[in-house]
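Following this line, the structures themselves.
The two complexes that follow have chain A in common; it is paired with chain B in the first and with chain C in the second.
Moving on to the complex of A and B:
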């Protein structure tokens, strides 16, 4: 019993990190219908920028995260303006963007490999030590991670609800034509959406690499987990993504306990297939 | 004008065919024969992948997984049970077809858009962990070695001709599919989806048919792969073969019959030069894919068609001008 509760708690922790991971995918897909197949490497880039600021430039944690987020925003806007925008004008944009982002992801991954080398990097824990409540034991660091995720999710939902830009993004997500009719500049909204999503993705990369580790290849694994989560939650649905991430995080923790870590991947695949067979629109998605 | 076009293409095709048939007799080095064998196998894979991506609109990303399933099944059967590869290759293809159609086709082909890409990518990605888990049968991370060749005691020239045979046969099948009623149904679906429905085209059934066939043929290619090269390991499922295959299709031109084959030729022989780039090779491949998609979405075939149009125009002018004068 005690192990199960501890396992569920660790599942909740990784689940909330996966939620942060998958949010970037959901935001981009929800607004622009582009599925980012270079997502994992984008997260890696955010984490590497932070690591570089911390370890090489030697500035504090908060400024390096802020700088990394700013750079990620510019990166996202640039990526959209340079590559995605011309691709969206072509008839088979859906698959071209997939292949383009895959190619770009592999390009960036190997550029990172060239610059920083294959060695595992780690971003230090925020706080050492752990909290003990009876038999339940949680690291302070993981509590802070959950706190950051929760705060960012609240900030994001406030942004989508109350700011003009967020409202415009939601309008575009509902209907591009309708948004255009009321005078929303689609191009601008798309590029800000990419910027925002890259910021969220970069942040999730930073958080994940503090809990696990950071090397140039780890991004693909995160990305595929993100894919399963976004589909499970319903493509384009933010709240569904969060529920799905937490459910899958707990399932992963339980599967690791009972079957061993090697079966985690087949189980993710099986979950994904079951969702597609039974409820392809995901747990919160309505549209398909 | 269409006569000129037909003629040079057929002449070119004939020349290539003759060259492929006599090349080993002209004293090709063992290394070149190896490269040609790779070219035959990858051309089969690329042609089938293109059948899914370019014609049927099935955005599969897991075809390397199909190759690996066919290869493993055929290799294990031939090695463990001493069956003839001529029996195990079709069995491998059939197993691939059934597995892939049940686990990928049925769930995902009903849905539109991105789902099949997601599902097939995750499918191909979960295979290596299954392979390493079932070490007793599949050899784990080390893979299968010393898989028997097509005939006992066969040399490289024999393997070359067997692969050439498979290459011609399967490409012919793919060509026939493209020009069959199924191929026409896809053209109709692409040009006007609703009109095609009205004419009685069942999208799901046509797509399932093509998916089953392409997975079968890719599984057969997997069988040919293991018996020609003698080993297979989970690294076949790695990122590099995947990238190479995507680059082959994109470089040649998606949605054309000849494009992926040309692309395969360029990539298989070009990849040997890329080895000079060392660890930057994958970065270059990724950049290549990005550049093609962004600037040359039609691939090499687009360039060929443009060049041909220009040449026919020039020839036509020259023919016309003396008549005028």
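Moving on to the complex of A and C:
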């Protein structure tokens, strides 16, 4: 019993990190209908910028993360303006944007490899020790990670609900023509959406590399997890993404306990395919 | 107020509008009739910037619109209500209406416009907290028109507002359109298949056939038969 509870807690921790990873994908897809096949590499770019600020520039953790998020926003806006926007104006953009982002991901992966080398990096734990509540034991570090994810999700949902820009993003996600006829500048919204999604994705990369590790190739593995989670939860549905990430995080922890780590992916993908067959719109459906 | 001159519009290789010209004066209700698939919606989309014309001119209060994107056209007080409604399904009626006041000018008059929308469509006040995905066809149509009114407009382009509605709701929609014109002095260009109802509202009408204006008449030179012949 004690083991199971501790395992479920560890599942919740990785689940919340996966949720952060998948949210960026959901936001971009939900608003612009572009499926970002370079998503994982975008996440590690955020992490490498932070690592550089911490380890090479030697500034503190919080300023490093903030600078990294600022740069990721500009990166997202630039990516939209110079690459995605021209592609969206041409026929077959659904396909060309996927291939373009896949290519961009491979390119960036190799640029990172050239700059930072193949060796594993880690963004150090910011606190030591753990919290003990009876038989339940959680690292402070992991509690802080969950805290960051929860606060980010709350801030995001307040942003979508109450700000003019956030409401416009939801409007575009729900009906592009509707958004145009009420006078929303679609291009501007797409552009800020890419900026926002790159910020969230970069942050998830930072959080994941504090718990696991960072190398130029790890992004692809995170991205596959992100794909499974977003599809499982319902493409473009933020709440569905969060439920799916938590469910799959707990499944991962239980599968590791009972069958061993090599069974995690087969079980994930079996569940994923069953959900696709029964409910192609995902467990939650709905829109941003 | 609105001056459309010699516009041509294409979908790919297919020419949908040929040298279409029409005008709408301030305060008027003008109806646009014509068989399905002959370019009525395309004309409204050309005016509102959703599908800009390839050539020709669209002037609104003397200003050229044909090179402006839709959001700039809405800011100038011209709004298009598509036949498909295009509501935001996962937002409530109230949230949809408030999205109509997205442009900066409309944000200042959000309260009085909301009161007017509820005055014209009392049903929407009752339904204000309901999600739009749960509305009936008629209620959805009312939200679409109401959302357009929230944009602080002087010209309303409305595309087949009565299509697919029961006779009772159809009557309510036409009464609402008359009120919008009379009480708010909003100029209206309406595309309709319900010829008799639309003629009761409008002072003038155009008939669009094969992408061209076939003729223009005043409503008091009424001749429904003439219109009906043109449909075949």
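Note that in this section the second predicted complex is superposed on the first by the 285 of 288 C-alpha atoms of A that agree within 3 Å, B and C clash if a C-alpha of one lies under 4 Å from a C-alpha of the other, contacts with A are read in each partner's own complex, and residues count from 1 in each chain.
Everything that follows uses one rule, which is that contacts are C-beta pairs under 8 Å (C-beta built on N, C-alpha and C of every residue); 3 or more make two chains touch, one makes a residue touch a chain.
Source: prediction; values computed, not measured.
Placing chain B and chain C on a common chain A by superposition gives a fit, with no clash between them. Contacts of A:180 after superposition: chain C is touched, whereas chain B is not reached.
For chain A, the partner with contacts to more residues, out of chain B and chain C, is B. Once chain A of one complex is fitted onto chain A of the other, the partner contacts of A:103 are limited to chain B, with no touch recorded for chain C. Rounded to the nearest 10, the angle at the Cα centre of chain A between chain B and chain C in the chain-A superposition is 90°.
Of the two partner chains placed by the overlay, neither chain B nor chain C lies in contact with A:279. When the two complexes are overlaid on their common chain A, residue A:86 makes contact with chain B while staying clear of chain C. Once the two complexes are overlaid on the shared chain, A:168 sits against chain C while remaining clear of chain B. Our summary of the superposed model lists a minimum C-alpha distance of 12 Å between chain B and chain C. When both complexes are aligned on chain A by C-alpha atoms, chain A residues 288 touch chain B in the first and chain C in the second. Only residues 48, 50, 69-71, 74-75, 79-82, 84-91, 95, 98-100, 102-103, 106, 147-148, 151 of chain C touch chain A when the two sit together in their complex.
Across the interface of their complex, chain A is touched by residues 53, 59, 61, 103, 106-108, 110-111, 113-115, 117-119, 121-123, 125-126, 129-130, 132-133, 239, 243, 246, 250, 279-280, 282-283, 285-290, 293-294, 297 of chain B.
If you check the complex, the residues on chain A that touch chain C are 164, 167-168, 170-171, 174-175, 177-186, 286-288. Those residues of chain A lying in contact with chain B across their complex are 35, 37, 83, 86-87, 90, 94-96, 98-100, 102-111, 113-114, 220, 224, 227-228, 231, 235, 262-266, 268-269, 272-273, 276-277, 280, 288.
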